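What follows is chain A paired twice: with chain B in the first complex and chain C in the second.
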Partner chain A sequence: MTTAVNQAMVEKYKGNFLKEVTDNVEEGNWVKMCMQCGVCSGSCPLGPHWDHPPQELFMMIRANKRDEVLSSTSMWMCTSCYNCVARCPRGLPITHIMHGLAHYGKRMGMKPKNQPTEKFGQMFWDNLIKKGRVNELKLGLGLYFKDGFAEGLKVSMGKQKLGMNMMKAKRMSPMEMLGGHGVSDLSGFHAMLKKAEELEAARVGANTDAK
Partner chain B sequence: MKIGGYLCTGCGIGDRLDTKSLESVAVREGRIGFCKTHDFLCSQAGVDMIKADMALEGDDQVTKAVIMACSRRAKTESFNFGAVPTARVNLREGVIWIRPEGSEHDETTQEMAADYIRMGCAEVKAMQQADASGEQGKNNHIMVVGGGITGMTAALEASKAGYYASIIEKSDRLGGVMGQLKQRQPEHSPFQNPQDTGVAALIAAVEADDKITVYLSSTIAKTAGAPGRFEVDIASTVGAGTHAEFGAIVQATGFTPYDANNLPEFSYGKSPNVVTQLELEALARAAGDGPIKRADGKVVENVVFVQCAGQRSTKEGHLSYCSGHCCATSIKQAMYFKDTNPDIETTVLFDDIRTPGAGGENFYRSAQDKFVTFRKGKVSTVDVKGNDLQVNFKDLILDEDAHMGADLVVLATGMLPNSGTDIDTMKDKDESGEVKVSVQSILNLNYRQGPDMPQLVNGFTDSHFICFPYETRRTGIYSAGPVRRPMDAAQAQTDAMGAVMKAIQAIENSAIGRAAHPRSGDLSFPSFRKEGCTQCKRCTVECPFGAIDENEKGYPQYNEARCRRCGTCMGACPVQVISFKNYSIETVGAQLKAVDVPDEFQEKPRILVLACENDAYPALDMAAMKRNESSAFIRVIPVRCLGSTNTIWIKDALGSGYDGVVMMGCKKGADYQCHFVKGSEMAHVRMAKIGDTLSTMNLEAERVAVHEVAITDIDRAPKLLDEMVAVINRVGLSPFKF
Partner chain C sequence: MAKHEYSYYPGCSSQKGASSSNLEKSVETLCEELDIKLNPIPDWNCCGASIGYAGGGELPRMTLSARNLALSEKHHPDQDVVATCAACWLNTREVQERLNHNPALKAETNIALQSVKLEYKGNKKVRHMVEVLIEDIGYDVLGSKVKKPLEGLKIAGYVGCQTNRPFGIDGESFENPMYLDKMVETLGAEALTKYDKKVACCSGALMFSEPEKGQALVKDIIESAYDSGANMIVTPCPLCQANVEIYQDDINARYKTNFDMPVMYYSQLMDVAFGRSALDAALNGNIIQSKRLREIADK
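Take a look at the complex of A and B:
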């Protein structure tokens, strides 16, 4: 699945993926500074569970492995623990690059399929923009049922006690089911998001305009 | 003539030992003139007391002294009485600090102290006042061999310090390898861009300096003499030769680039587009400010740098070591391209990037900032594809075979030192497959041991890597730059400064007859009793520093300014005719004979310890500072170097009833730490043969042990002595007691 903007990027950078990352990914300009010491990969608590730990992803970027990088599940696995950032001798903001890469892959329509973090992220976002606030009840239930009704029921039953306790402690309200409360100026909030989207589209557009 | 004994009761010595009885041991058994006690001998009052005795006139004048106090390594300034022979008796570190308190130990501890006092008295009687030989001269002129940046820097530094220098350069111009470069790695913060090599400025400075003489197209036909009085014949390929005299020599003969023809797998020689780093410099110079073109005129758009080409590799014909500069050189060269056109693809394929120093690290970062791509990969082959090249490599991060196209490939090949004939391998050709450049002799030394300096592994000039890096094994001759170890330009220039300072030190020391390190200040020198010499040449061969030649009659000819006073020759001489005024077969022999060896019924063994004064003895002292307990049966005698131990000492000791002998010297072998390079090794060789002696005496071989001890072996050294005590307990006391 590739999008038009993705095609345009491929066209524009003609195999110089490092440059593409530098220009378009949040903090991507740092990737070229990696010295391949592997400290990040060694520090990452999740690294062993990934296809490509950070060091490797950065090397893949330099080796022009565009599709593999952008469709990788690896950067979605980052938990933002910042271990790598704290330790990288070159001071790379690795966590941010990870998120930047994930975001960029998604924007290019290359996000991995059935990646739970990606799904949850989308769910969170959709939930949030509706009212300007996160509806925890809906988000929680949505999460339980993301893999189908039967699975969802099973998870909800298992978490029943937790849910009751949260309600007792007033951490969650069943009333939220009825739509929930939002920010006071909801239309202003939506206008703000729209503006942000426009700005972003313009930026990406500028990068894809053939020179 | 009178021998004065001075017993200190400070530092707890007086509390732990019966000093009254020690005084009488010194006078009655040691047979010295008198023994005075002082409760704080190293204080001004104590020292003044001794000096006053030395200032007396006539028969009352104290002309030799025995200081019975702390280790000879402590209070060296206070107890330095110039030329007056002085023995130090170590009652503090050597006795009370290693012996446990308690009345049950008092007897043996007291015996130990008494023995050391007898030993000190015996030693001082055998000592003579050391004076310079009178043969020394002073010559403020330094010969610098090699006119590259190392040599030029050395010459300029010598001149700045007020000395004269002559540069002998074999080619017809100054500048060396650096002179062939377009630019060099930056030397100053922010270390971002290549900078001018500075060679032109150096040459101008050398030429403008009236303390520096330059001999171009010249080589050295002969070097004779010694520090302070080197006699050199300079040969010229364009004119008449010259004869000149120098006080010291700095060899800065640099390196020869590794021959890339050894690397056919990288298509070197098959394609003109595979070049070495030095060849790329020529292309870059030819390009000036314009784009770099390859031989066929094509502007280079895609260049791949292959690091460690034929280096850090165990393959036959390759260099096993890192040349230290190539990573930074490739970084610099990639910038040549990037700085003219940032779109040129520059890839550095590396195994490990090594950019020594903060400057190198910043320079590396700067290249990354300029989008030079670094890929960790091992290049297997370079294929020629029409006019272009394909580099095949294994990506070591992604763990996969990869390849990339290039229109120019630059090989980072290594450096081979120009150190001249290796006198060691002249004898034993090695089968190690090491690469050797066959070079003519450079210094053409007129030394009995050979025309050049001994070399360390891989042909670099030998130096004591840890303690005296510039020193070679030819006193007064120092090596600097890539002939000493692989290095970059900045390091070579620092090296040049270091070497020239050592050369100046050699000039100044030899002028007054003082030894070079590590016995700097020692005025004694070896002499031999001609009537006893059998002309066996062992001393000549074994001297680690080539200090001994042979005269026309075949007798050893000492060049004391070359001598480091290690005593290896003294240890080598089978007929014991070599000695120093203050260190001889007698000074040590008398000490070991002065020990009171109890008869077998007392069950008190005696173990002789000969400990190198540079490492083992300090280690024992430090163990004592930590109050590490030791046996009361050991008797330690410091020696200048284990190489100075003559087997006669061991035989004498065993014959007179000692139960065991422990020798402690520095690490030997290729990564030696011996301050005299070969001394410890020679001692090991000699002692390996002591087994015969032991078996003719019907003694167990374990009674003699030789150990390598480093100055850091503070805990281990005393344990080695405990081990010998255990051995004696097991095999029993010596049958030679009487």
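Take a look at the complex of A and C:
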């Protein structure tokens, strides 16, 4: 699936994906500073699972591999451990660029299909937005049921002992199903986020207008 | 009046009935002992943790922590912001730095904050609880409070990622920070300085979404603690604590191991060493109990 904004971006930046990343991806202006030493990729705890570790993604951005980068599952596997950031000799904020590329790919309608961390991350965001604070119980149950009811029942039965352990230690509370914690100025909180989303969308939109 | 006061950002997992409520409880006890007062930021919201980027873009995520900081500026103008959770600390501090270095982003953030009648100025210091303990209290005072030294305990100090990178604790190296070992020694226990998973990643939120990958990382963290002869692991980070403690059954099933390794908070060790009860140290909040620590607490 590709979105209108995606087509507008393709149109505008034809042949210059690096510029598109610089203009639109969180901290994307740093990509051009990469000297391809490979320290980040070698430091990444999930490195063995990535199709394209950070250094390679940066190379692909320069090589205009737009579709491959934006639909990659790789950056969704970033654990935010900041090992790459602490070690990069050029000081690139790699973690933020990974988050930025993931989010931008999603915004363009190119997120990978069935990437579990992408799904979980969206559930987490929806959960936190709802009341302003995370409801861990609902998040946990939602996670078990993300692949449908039958699968969820199976997974949550398997997790019964873990759940009981957590309840016994008072680190999970069934009361969270009813209401749970939240901010009291909820309408203000929602208005604030709506405004922030508008401003951000306008920024990406503005980038598509100027031909 | 308490000797030290801070504007406190507790974060979602410290709330009543949440996954690190035992950290919260043990820190409360610690603060009583050290005459520290933590004033919760009124009506604080979630910081977005490390996985908020899936749903939230840069600006919406920035406004989350900016709102908390603006509330702190308004209600506790003279107090540093302190967080006990690694991700909360990192997000809050990072947003502060990024907004202060990017006037355009700061201006947009403030437009969004008008919806809640707040303004972010950006003049707060954002600190981790361990910074307060090391810098404002000091090892000497911590040592002088010890009534029941944790003698004979061999402890693997697991600092993890986000308490250590990208900011870390002032004066400490990213590859081999020493403060946790120093705390352990201050309490009379033996710090296992050869523990080689000290700054390894516990997989963070990926433990939920991609458990087989997360469990592989945690298996190495626990195994290495056993290899260095540890009685327990100690950590400052709530997600490290949870990830390394609560999936040991699953890991045992997957890898045919027999792990039964307690994973404690630094604050729990301090409470016990300072002579407080098992309940005050929230030892009942751990799923895998440390018999040795409980014996000392009950002595």
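Note that the second predicted complex is superposed on the first by the 208 of 211 C-alpha atoms of A that agree within 3 Å, B and C clash if a C-alpha of one lies under 4 Å from a C-alpha of the other, contacts with A are read in each partner's own complex, and residues count from 1 in each chain.
Following the convention adopted for this analysis, a residue touches a chain if its C-beta (ideal position, glycine included) is under 8 Å from a C-beta of that chain, and two chains touch if they have at least 3 such contacts.
The structure presented is a predicted model; accordingly, all values stated were derived computationally and were not measured.
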**Request:** Tell me which partner A:125 touches in the superposition: chain B (first), chain C (second), both or neither.
**Result:** second
**Prompt:** Who does A:59 touch here: chain B (first), chain C (second), both, or neither?
**Reply:** first
**Asked** Once the shared chain is lined up, is A:18 touching chain B (first), chain C (second), both, or neither of them?
**Response** first
**Request:** Scan A:32 for contacts with chain B and chain C and give back first, second, both or neither.
**Result:** first
**Request:** Name the chain, either chain B or chain C, that contacts more residues of chain A.
**Result:** C
**Message:** A:42 in the overlay: touching chain B, chain C, both, or neither? Say first, second, both or neither.
**Reply:** neither
**Request:** Applying the touch criterion given at the start, work out whether A:109 contacts chain B, chain C, both or neither, answering first, second, both or neither.
**Result:** neither
**Message:** A:83 in the overlay: touching chain B, chain C, both, or neither? Say first, second, both or neither.
**Reply:** second
**Prompt:** What is the shared patch of chain A, the residues that chain B and chain C both contact?
**Reply:** none
**In the complex, chain B residues that touch chain A** = 353, 364-365, 368-369, 371, 373-376, 395, 397-398, 402
**Request:** In the complex, go through chain A and note every residue touching chain C.
**Result:** 26, 45-46, 49, 76-77, 79-83, 85-87, 95, 99-100, 102-103, 106-107, 116-122, 124-126, 128-129, 132-134, 136, 140, 143, 161-162, 165-166, 168-173, 175-176, 181, 183-185, 188-189, 191-197, 199-200
**Complete:** Seen from chain A, its contact residues with chain B in the complex are 18-19, 32-33, 35-36, 55-56, 59-60, 62-63, 65, 90
**Request:** Can you check the complex and tell me which residues of chain C touch chain A?
**Result:** 12-13, 15-22, 43-46, 48-60, 62-63, 67, 108-109, 111-117, 161-162, 165-166, 174, 200-201, 203-206, 208-210, 213, 217, 246-247, 249-250, 284-287
